[in-house]
Amino acid sequence: MIELQDAAYGYGGGSLLSDINLRLAPGSFHFLTGPSGAGKTTFLKLCYADLHATSGRVTLFDQDTSEMSRDDVAQARQRMGVVHQDCEFLDHLPLSENIALPLTVAGRGGAEQDGNLSELMGWVGLSARADALPPELSGGERQRAALARAVITDPDVILADEPTGNIDWEMSLRLLQLLVELNRMGKTILIATHDLALIRAAKAQVSARVLRIAGGRLQLAGADL
Amino acid sequence: MIELQDAAYGYGGGSLLSDINLRLAPGSFHFLTGPSGAGKTTFLKLCYADLHATSGRVTLFDQDTSEMSRDDVAQARQRMGVVHQDCEFLDHLPLSENIALPLTVAGRGGAEQDGNLSELMGWVGLSARADALPPELSGGERQRAALARAVITDPDVILADEPTGNIDWEMSLRLLQLLVELNRMGKTILIATHDLALIRAAKAQVSARVLRIAGGRLQLAGADL
Amino acid sequence: MSALSGLLDILKGDAQADRVVPRRGHSVRLTLFTSGAMAFLAVFALALSLASGRLADRWSEALARSSTIRISAPAAQMEAQIWAVLEVLEQTPGVASARALSEEEQRDLLEPWFGPDLPLEDLPVPRLVEVIETAEGYDPDGLRLRLAAEAPGAVLDDHTRWRRPLVRAAERLRSLGWISLALILGSVAAMVTLAAQSALAANVKVIRVLRLVGARDHYIARAFVRRFTLRALTGATVGTALGMIAIALLPSAQEEGGFLTGLGFAGLHWLWPLTVPILSAITAFWATRAAAFKTLRSLP
Amino acid sequence: MSALSGLLDILKGDAQADRVVPRRGHSVRLTLFTSGAMAFLAVFALALSLASGRLADRWSEALARSSTIRISAPAAQMEAQIWAVLEVLEQTPGVASARALSEEEQRDLLEPWFGPDLPLEDLPVPRLVEVIETAEGYDPDGLRLRLAAEAPGAVLDDHTRWRRPLVRAAERLRSLGWISLALILGSVAAMVTLAAQSALAANVKVIRVLRLVGARDHYIARAFVRRFTLRALTGATVGTALGMIAIALLPSAQEEGGFLTGLGFAGLHWLWPLTVPILSAITAFWATRAAAFKTLRSLP
């Protein structure tokens, strides 16, 4: 699915991440932790070809991201679900259309979307807010909506950046449940989070590997997690 | 400082919060919890006069917020530090100027700002990023910057909305330390958060009251917190 | 994609793709008003250009292409010399028509100077023959030689002395019209481009969200280009219509002056302003397209 | 705050408060270009208005204020009648000056019609007296009566018949100039307003942040108003300068034509276009102020 080989990245000539080696096998479940500013978001951006490694190789669906055309990237993203750390929406469209946006953009609107959509919105607890515009949502509601939008296309890979930062514990567990379910159906999942309790809760249900960024390197976290 | 008497609020004619009675005494430390979408952010907005109660009274520095002129509100805000849930900055100014913005706006730039500023930026771990533009910051860095901006004016009241949502545990404790320190100096503090571990850590250090919004009412949380 | 097929494609549209671009906002008003106002001005400049073009044409023809032959001869020989002159003129290449002025016409010409009761028949007043050239013109020196031979009393006056400044003035007026038209069209293009760029900049977030959920550049650009082209077309159509109405309402031109026609469109010239909305739409199409792809390429 | 003191206040500025408004962005380019382009067009329209104003004045003076008295009399009485006419004119209120045309002048006038060798002295050709009115004009009927009494061979021809269309044409041209100037100034105002609004809309986040940290409306509005006023002033100054240069470079007007002066400014008229940047700045000042307070009031 996604493979990083000796990848390195730095903003403006600096060196933030280096010697990154990782293979996200299909159906695997990974957590990514590390202190604030360590480079978690940067790492995810490398994975969805928003940034290109300054050295080394990043392979996405067997294509080198640095060699992908802009249309190839768009195509690849239609097979991925990404939850951005700052959840952005189209502020002029109601929530339900925003969540269905990846289907609309892929030309898969209409029949296919209706069934999934209402079920998904129920799961993330947003059924009552379907017609609200995104600026009218609370912080946690926006994060839940972003997750819903990421999974609506039934993607092969799900990358989520702090998907539960603004969400209470019960709802976080519910969202985790959704991701675990999807993982059991064979989806590849990578979640960047600093919420250790969430990681523990996940490890009780699936075999998840926990990665840690420290000093610009990627390490496997200790047994305490 | 801030007093709500039978205050109620609802968006677009609905009823989200009702029968809210609360007095934030000078020097008090409050936490506000509640599930996502319960109305924590709305509650804080009532407190800093961003919204006006649809019924009841909200008093801010002994003035009824619904009777304050726009300039009165600005004046009151110069005495408060507010951390917004989605931390917004002036994207064209470097971080240090953004953090000093409340001083600039109050015409208190220059000498006064320099001493506090670098110390504060060191405390929230942003010294190295002083010249970065806000869009170049990580999610957690932005939250820390928002807290720094809220406290730079040495305000009487600090209102923080999920100030640690994107921040790792060690850094969260460090920020809590700052707030506890300020509280000991007599500042009034109200923090909306869903991070129960943070609340527990705080209660070990100061006598904090924990409020909970459920079903639109404000309750004191149980002894388990 | 050729401009036209692209444009038609755009106008067809795709209701679903369309909704991803905000319908309202300040950039909308700006684009509508800019294209409208500039279309209005363009119609005026066009009217000025066309009117001064007509004027220059008329002056060129009426002045530059007419000359006079003055025949002074004893009354007895007058008729014969007039005929001789007309015959010479008939055989001269470059002469479109020639005719002797009647006595009434000459009287009218002279009246301001001599009063209405000039006894023309008793005066040794020369007779005048008006000559209209073809576009190529005749050779005045050759004509003079032949006239000297055939009608010794005939003198060719080709008005050169006093017609020049008139023609020059008309041409200056005409080029002024075209300069303002060019200036205005240039401003239209620049302003529609800037409005499109500024609207796109205001929509960077929309573009970022669309890229994130896997939209292709083409899809995003199309949605924007369609909106802007339609807006520019709408604005320019309204502006053009208002401009044409305003010009139709202007005090109508009377021909008495003879040397200044009214500002306005004559006959088929009314079709010219209809090109303004089309040009605006094409400009908006290319401007938005370029701005959209530029903005898109700046985002990963 | 009066417009001027506000404006001067604005130009002084406050370096610290200034930085809170973004210096760059598409709205900046839009404002600069819009005010520049519109100033350029305004200078042209102004030149057209002033030139056609001069033209109309000249025509009004040269045509409307001159008339001719034609004296037909036997050669013996001619001199006496001319003197009588001049004397009458001297006593007529509203006549600025009067003089008899010399024989050479009359010959020049008649030459196109009769050729250079017209034996004027042998012909019963009337003599012409040119009368120039003052601004108030004389009473033609009174003058005719007195002339009939003093010089029976004198006929007053006040050119009314053929001067009207000329004056009307000049006036039409002048009003065309002022109409385009009004249109362009209107468009400047509207476009600067829209550009300011659209720039403010693009900066809603800036305003929200400033409100959050306790900035007063006045402080925020000032920062925006200053930026926009300066931008409009800069753009309009550049546009005006370019427009004036362009007009100075236009093929210079020659007076031969006599009835169409060149497009350009004459003498002190060169000061007129300098008002364009000032008007633009004032427009921008008010437009931004209104837009800023409107945007501010929409935020809590």
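Note that the chains are named A, B, C and D in the order they appear, and that numbering of residues resets to 1 at the start of each chain.
Keep in mind that, in the parts below, a contact is a pair of C-beta atoms (placed from the backbone, for glycine too) under 8 Å apart; a residue touches a chain by one contact, two chains touch by 3 or more.
Since this is a predicted model, take the numbers as computed values, not measurements.
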If a chain touches chain A and chain D alike, it appears here: B, C
Longest centre-to-centre distance from chain A, chain (CA-based): D
Where chain B and chain C are represented by their mean Cα positions, the distance between them in whole Å: 67
CA centroid of chain A to CA centroid of chain B, Å: 29
Geometric centre distance via CA averages, chain C-chain A, whole Å: 62
Separation of chain C from chain D, taking each centre as the mean of its C-alpha atoms, in whole Å: 23
Touch-based graph of the chains, sorted into line, ring, star, complete or other: ring
Chain pairs in mutual contact under the definition given at the outset: A-B, A-C, B-D, C-D
Residue numbers on chain B that touch chain A, as the complex places them: 11, 33-37, 40-41, 85-86, 125, 129, 136, 138-141, 144, 161-162, 165-171, 194, 196-197
For the chain D and chain B complex, residues of the former touching the latter: 16-17, 19-20, 22-24, 205-206, 208-219, 296-297, 300
Touching residues on chain C, where the partner in the complex is chain D: 25-27, 29-30, 33-34, 37-38, 40-41, 44, 48, 68, 70, 72, 106, 109-110, 112-115, 117, 119, 123-126, 128, 155, 157, 159, 164-166, 168-169, 172-173, 176, 179-180, 183-184, 187, 190-191, 194-195, 197-202, 251, 254, 256-260, 262-263
Touching residues on chain B, where the partner in the complex is chain D: 49-51, 70-71, 73-78, 80, 82, 84, 88-93, 97, 101-102, 104-106, 109, 149
